[in-house]
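Some structures are shown below for you to check.
Look at the two complexes coming up: subunit A is in both, with subunit B in one and subunit C in the other.
What follows is the complex of A and B.
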């Protein structure tokens, strides 16, 4: 009796741990990846609301930011290497990524403003390809951006991971992940609040709904367009740096390759015009991918397939998106 | 000097001219009504005055100051408000937000003044107050027209222009709208209305008729009522068929 109980307990313990790991780890990983999708989706929805187009260059602003940050951290000018402080390099990266979006607005979007939307969309694809080409020119491939708490270069050097791990369902969260998650959620909430409560946020909605009427009340459509692209560029740049810091190898087109499809799916799940919807959509996509990758290991590519199936289901059953209202 | 002076105004779309150099003026405190067949160029005229279309040549002066070259936001700030053709309320925003957006150019005047103006709009159109939290796109056509006019007076314009005030409204509601507009006029705002409904004539101090990009009648509303020109414009005479 006692023996049986012990055996059972001994047999059950590792199983329980394994199940918890299988639930806990994908949860964290999925949430993290998902909030990046959410942030990219947020930028897409933002521009969709104001220009009624999908901006295919959205995630690439993030690559530009990541490469700029890397070059700030470990760059060379006339063969003299420099090392900016980590935080400074990141700020410069975000600034350059945002500037790229501003230039896109001025040089591509503005001149094509009154043309059919399809042409504008193709314009953003052109920007994406051009950016990838430029990145290839200035950036030697295969380098990676150090983590925030990298002991040599990070901005939070003292947060050494092994000693300072936080447990969650037997999965050890790293500081890197916590910081990323907090930043992403704060940014998402700030964006939603901007639309709900700020004057410019309301003006963006007004321009997207009735551009002519927006002019008749005295809103400058071109100023609003610039504000929108600045904001979208900022969101894309931050998302890019968060994706690249401490994990992926920085290479031309990398953020587009890893997040654009997820971001578009997030936006569509959210109904294309809903900001909270896009963020929640992003979380769902991330979680779905992570759990599919954990539990459906016998089917290669199950992560993408699961996302595709859910995307189709939502389009068929709830085309207005999960939250289903413009906000 | 008239409050609004339009002199040899020419404009159009792309390379296509629509207004062939029109001139008219409107005195302060009056209500001017512009009639004309479809495609005559009425919307083109008010849109050009509002800065939605560039002025090719000629001039537009408000209180003696030229508005030529100013964009729409500057013209609103200078004192011309437009309730555009087709109403164009912001459909997914509430009635109240629509009105607040109308005061966009008066940011420096502060929230208190905006609230006062909103209260005035609600006096003109009590229906808007009852529905102030409703999404504008879900309102009836008549209510949307009220909102479009209310939104246009939120900028406290010296001249209120309304393009097609009564289109799609029942005769009774059209009369109500005309009465409110005449009240707005009595309260000191000069009014320019584009209209196809002759029911507006009793409210018109001045009447204009537009045909093919030119002004063919400019005189008092009472004279027009007597002259039969309006009848000719709308019902046509035999020569128009050829």
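What follows is the complex of A and C.
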């Protein structure tokens, strides 16, 4: 809607520039950033639904994926560099990120399953710290992952022409950003569909609502836990690759630093048990940050303060979140 | 707890009538030596300027550890925003003293007040909701306050830092260490009084089972809020001490390390043993000194330097990435404590503690006085 309004206003030159800069550009930026928050939020909600905990290592699976993809592209084996295609490196990255989540479930979550929830949450904090420390072991200096449209390595090599920006040249919109948005929508819809229509999805819901009863009807709680952690690891890894490709410097803990707080806020805003809620919450947080950064430039850190204030207000007025209900 | 038998003799509950153990003269002298030795060891850092400064940090971290222990150990909530309270205390104390020219102690009190207000406001929102929402809200609080208030030009002299000059009485590093140590001991003592009081028992009951506690007439939310406010106050106190330790309030102390500082505090409390004061203090001192000791190891010990430079896995740690080694140690200790040794350091040193208090040395607690240290496991491991 705002996009259409901006395009209409493009005729009136002096006003148009302002509208585009102040309304249109933040909208696009916020939507894209928000979609990443949404992906992290989806993973958090998934684990909250099944285990009733918050997983503080969620975004770090993304860093693991990004670093694995980087090593896939530029790594050496016995001083011989291998050059794998970009897409293969990304897939390997996502696979390793997901594997990290599976190992987390087996080695940390499983042994702590029957302990108080706060211990389980601290366990995920431990995983976060361990992953950051191990990342600095294999990846000591900050390098960056090439963008998807990188002329040498990217997936969309043919689209390297800076003018080929999907028509809206003045929004600085690029193919990889469209890809991020599409990926989020597809993954979110797939996750929702998984919960609605698949046997495993409904089993996860059953376990989260009443584990003992679920076991009685023949659902394996430990298998369900493994499935949810695999899914969450996959979502986190995809988010990590999307964040890191082309833009940010890859360094230990980078995805956690840039998206964990946003993702958590997204999950809580939407109500921690609602998958569409996390989706919407992520977009809201992204837009809020973008507009706060545009209009409140005189205050340092206005983006994070705006998000914090809105989070507090929502929790005060609607503790169950905006879309808080099961399934 | 004491009770009187019909004959009029006073018995304490943790000593059954026949087993009244009193250490002999050798035992008394031995215990006395150890106590004196501990005291001397605590005062030893005063001899060197450098180490005294490092040990002040250890004492301050111990105060933060005790503060976080109230939240995590006693009420079973998780806070990831304690670096925010620490920073708020430091910011307020340094600014009050520098701008209003008031004495040092008023600055410290101001820091405590600011952190308390922040904690109560956060707690009011987060603690009404059941579950672990406090961890999320404090996480968002910590990052938000670090990027806004802590970096505000007018409060940081445009980033150049607010000077925090110590008063003359504690101007040297050695004396300042002594001050931090004394404050830590006072907080430690107050904490023992807290757990022995009605409030302390209420908090433990809440941690064990909120619904049961509520059924027994304990106001769950208000006690949690009390604990969180108290914790914020103590963290604010530590923040004031922190600012005057480095003699300047520098925003980057809290903004750059933000989340990792908060996580370090959690690691301290868990590795020390949830709810176990002695363990938390030991763990806090260990983690505060870890970077200092690793630095010394890297710089002065040639053999170690050689080793590190030539082992492929370790050489990543040489130079700028040294902090990662401390991170690795912390993470491994945290996970191994959670999975294999839930009592933490506190449980491991408990036999020594009992011996020092004049009991017989044994690895198992005969008196079975389940203190707060036993809380985490008590409902879980039958």
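Quick note on the criterion: the second predicted complex is superposed on the first by the 309 of 327 C-alpha atoms of A that agree within 3 Å, B and C clash if a C-alpha of one lies under 4 Å from a C-alpha of the other, contacts with A are read in each partner's own complex, and residues count from 1 in each chain.
By definition in this document, a contact is a pair of C-beta atoms (placed from the backbone, for glycine too) under 8 Å apart; a residue touches a chain by one contact, two chains touch by 3 or more.
Values in this document were obtained by computation on a predicted structure and should not be read as measured data.
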item	value
Partner chain in contact with A:203 - subunit B first, subunit C second, else both or neither	first
First, second, both or neither for A:302, with subunit B first and subunit C second	second
Which superposed partner A:103 touches (first subunit B, second subunit C, both, neither)	neither
Contacts of A:212 with subunit B and subunit C, given as first, second, both or neither	first
Partner chain in contact with A:123 - subunit B first, subunit C second, else both or neither	second
Touching both subunit B and subunit C, residues of subunit A	none
Of all residues in subunit B, those that touch subunit A in their complex	50-52, 71-73, 76-77, 81-84, 88-93, 97, 100-102, 104-105, 107, 148, 151-152, 154-155
Complex contact set, residues of subunit A against subunit B	199, 202-203, 205-206, 209-210, 212-220, 326
Subunit A to subunit C touching residues, read off their complex	52-54, 56, 108, 111-112, 114-119, 121-123, 125-130, 132-134, 136-138, 140, 252-253, 256-257, 260-261, 264-265, 268, 299-305, 307-308, 311-312, 315-316, 319
Subunit A contact footprint on subunit C (complex, rising order)	72, 76-78, 80, 125-126, 128-129, 131-133, 135-137, 139-141, 143-144, 146-149, 151-153, 259-260, 263, 266-267, 270, 313, 316-317, 320-321, 324-325, 327-328, 330-332, 334-335, 338-339, 342, 376, 379-380
